[in-house]
């Protein structure tokens, strides 16, 4: 008897548009690599189909699918030179030597590998090897999509951003579909037009980085994206009020919809949107009193921790704002940015 | 498909002499030397009875297992840091040292009989499993270092760095991340240390007398004035295979598992 | 990434040096000692310098044994290494079959060497042995006790049966250690199975093949028990290899001096060949 637990991926559907840049974002083990491998053909799904331009390719092998994949750690053919590495996919497909050379040089220029073409591929630094891996995918003129599985994991941090920038540049120039798997939200948010957040085999939300930031559809999305993540406070509904930490916040009609949905309710607001006032603000209905219990200096900004009842929240402050540890304050929950979640899913 | 056929043919062919050994162990000497038959007629377990009723055999078994176990554990434990050093660092004299290790296997053990005998007698380890285990390290340790170094070098160095950055201290990195990646190498090394030590009879016999007498000694008793006791020797041979088969049965999972690059 | 230079790595070497050095240095010194003395009795020794070396190196019996040894090692290596590699490549992927194959494969390695000689001694006999009878039944005249060529074939086949599993196991472990991503990348790049073998498997197996080759060379060059039990060196001295010659010197004639000298020479020969092999196999790494 099979239960949902036996499946790495729960039932899902995803459409990839040609030329788009997608990020599959989620924690380790959420199924993003599994999904990627199904798209590339390295894995065959137990159930379901993969369609390309309406054609069923579920049973097709990777080389028949016009995709290229870059893996977590660099895969190069050690005995060959960089040039031979890049030419390998072309030679296997019977492309003539002249054509292959031309194409290899073109891609090598794009990836800034021209100076390395004559060197043996082994012994080169990791980021060069990853560019070679990427290049092997790009040389094929019929390649429809490049799939990248956490390709920057073993790259030095100060070289990472160079490679990221190169990816963005390539995408802009070649307009090839990119699917980028990562657990790093910074990578996802900078590289992708559309970010797909996954957890435990499910797609929780898909949208632009801005949508995910401003309107997380799931508490996990709120928590996972942002640094620090969204403040998530358990609450109860009383009329048009949310009761949190013993205080009442007037949130309006959304409370009715939350109560209609049923289940456990959670209040969410991002530290960036929560407002800290030293005195009682005018819009007192959606504010409450709290005590500042800590202020952390994070370089360009500050994070203050405030406590009310038994709840602690983080508030983002600018560098100039000063508030004392232990001071009393008022926290305002602006209505447009305050989200209610019933059973972890957002209430519209 | 062709490969499967080839492999099957080889494995079946490989079993034939072993089958013959088992046959010999189930017949008397007269039957072995007398007439030929593919399947043994008149099966007899007399040879095995001879072995099992002789307490020297079971003692010998345990003694042999003792020094083999000591040797395997010692060899692998000592070889791991050395192999890591050879694989990851350059240091003064490293290439020469690496090759020197192997030179210890370049003389027939017979050459070492007399010196080892004198050595271990003088330090009081004679007739203990330690003498045999230590003398065997002469050829198991270089083997272990060479094999492990080969497997360690196959792990991309790029994997060491992020682990450090993630805050792993070295012992934890080594045992939790690095070692599992070379599982098959460690398993095959341990098996070879076991194997070479287990089948080595000359040193094992020379460096022991009564207390730690291994199966080697009792096996040579099969040659007497009356001629060779083929049946008993064959039975002893069959029984010698058993621990080895258990070890490989245990190690096969690790050998086959190979490189499991989990989420780094 | 180039290897960092770090002499502290010597600390990691200490356990190995302690263990191996202890076992190796003292006996070596003893042997060298014996090789330059004439031991007439327990306390009567005369320093004779290079005399034993001279005697040993000009012995025609030794030359014969040496040539036979070289032919034997060459034949055995030429068969075992490719065969072991092909077996490793043919191992099944399915868990149960591969387990079974591994155990059957490893069996010959676990038999004590004198028993191996004994098995083949009976097995190859044309009157009472399964192998001998079968071959003669096919119409091929085969008798290893009287025919030198047949004896050679038998000794070589015995060694191949005995030691090919070592190479196969090493290669198999080496193959399993190749990360799956390499095979996946090769599939995506459209490589044929020959291409995958040539560009991924063979390069990754180089380390394993080096140790396998060196190991088998050394062990086959020093082989003693199995051929001795099987043929006793015969017929005549057709299958007398180097180590048997050495043993005859030391044990038979009880001449420790020449035997020790021969041991040193033997050692140096093995060393030289091995070093040559080693240099060739690692030539690529030094560029």
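To keep things simple, chains are lettered A, B and C as they appear, and every chain counts its residues starting from 1.
By our rule, contacts are C-beta pairs under 8 Å (C-beta built on N, C-alpha and C of every residue); 3 or more make two chains touch, one makes a residue touch a chain.
All of these numbers come straight from a predicted model, not from anything done at the bench.
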| item | value |
| --- | --- |
| Higher-contact pair (C-beta pairs counted), A-B versus B-C | B-C |
| Farthest chain (mean CA position) relative to subunit C | A |
| Chain occupying the most central position, where position means C-alpha average | B |
| Interchain centroid distance [CA atoms averaged], subunit A/subunit C, Å | 56 |
| Computed distance of Cα centres, subunit B from subunit A, in Å | 51 |
| Inter-chain centre distance, subunit B versus subunit C - centres from mean C-alpha coordinates, in Å | 15 |
| Shared-contact residues (touching 2 or more other chains) in subunit C | 1, 179, 181 |
| Of all residues in subunit B, the ones touching two or more other chains | 158, 261 |
| Residues of subunit A engaged with two or more neighbouring chains | 72-73, 126 |
| Contact footprint of subunit B on subunit C as seen in their complex | 1, 3-10, 12-13, 15-16, 19-20, 22-24, 26-27, 30-31, 86-87, 89-92, 95, 98-99, 101-115, 118-120, 122-123, 127-131, 133, 161, 165-166, 169-170, 172-181, 204, 207-208, 210-211, 214-215, 218-219, 222, 224-225, 243, 246-247, 250, 263, 266-267, 270-271, 274-275, 278 |
| Subunit A to subunit C touching residues, read off their complex | 40, 42, 61-63, 67-69, 71-73, 75, 77-80, 88-89, 92-93, 123, 125-126, 133, 136-137 |
| Touching residues (chain side subunit B, partner subunit A) in the complex | 156, 158-159, 161-162, 261, 263-264 |
| Footprint of subunit B on subunit A - complex, ascending | 28-29, 72-74, 126, 153-154, 156 |
| Footprint of subunit A on subunit C - complex, ascending | 1-2, 179, 181-182, 184-185, 187-192, 195, 199-200, 203 |
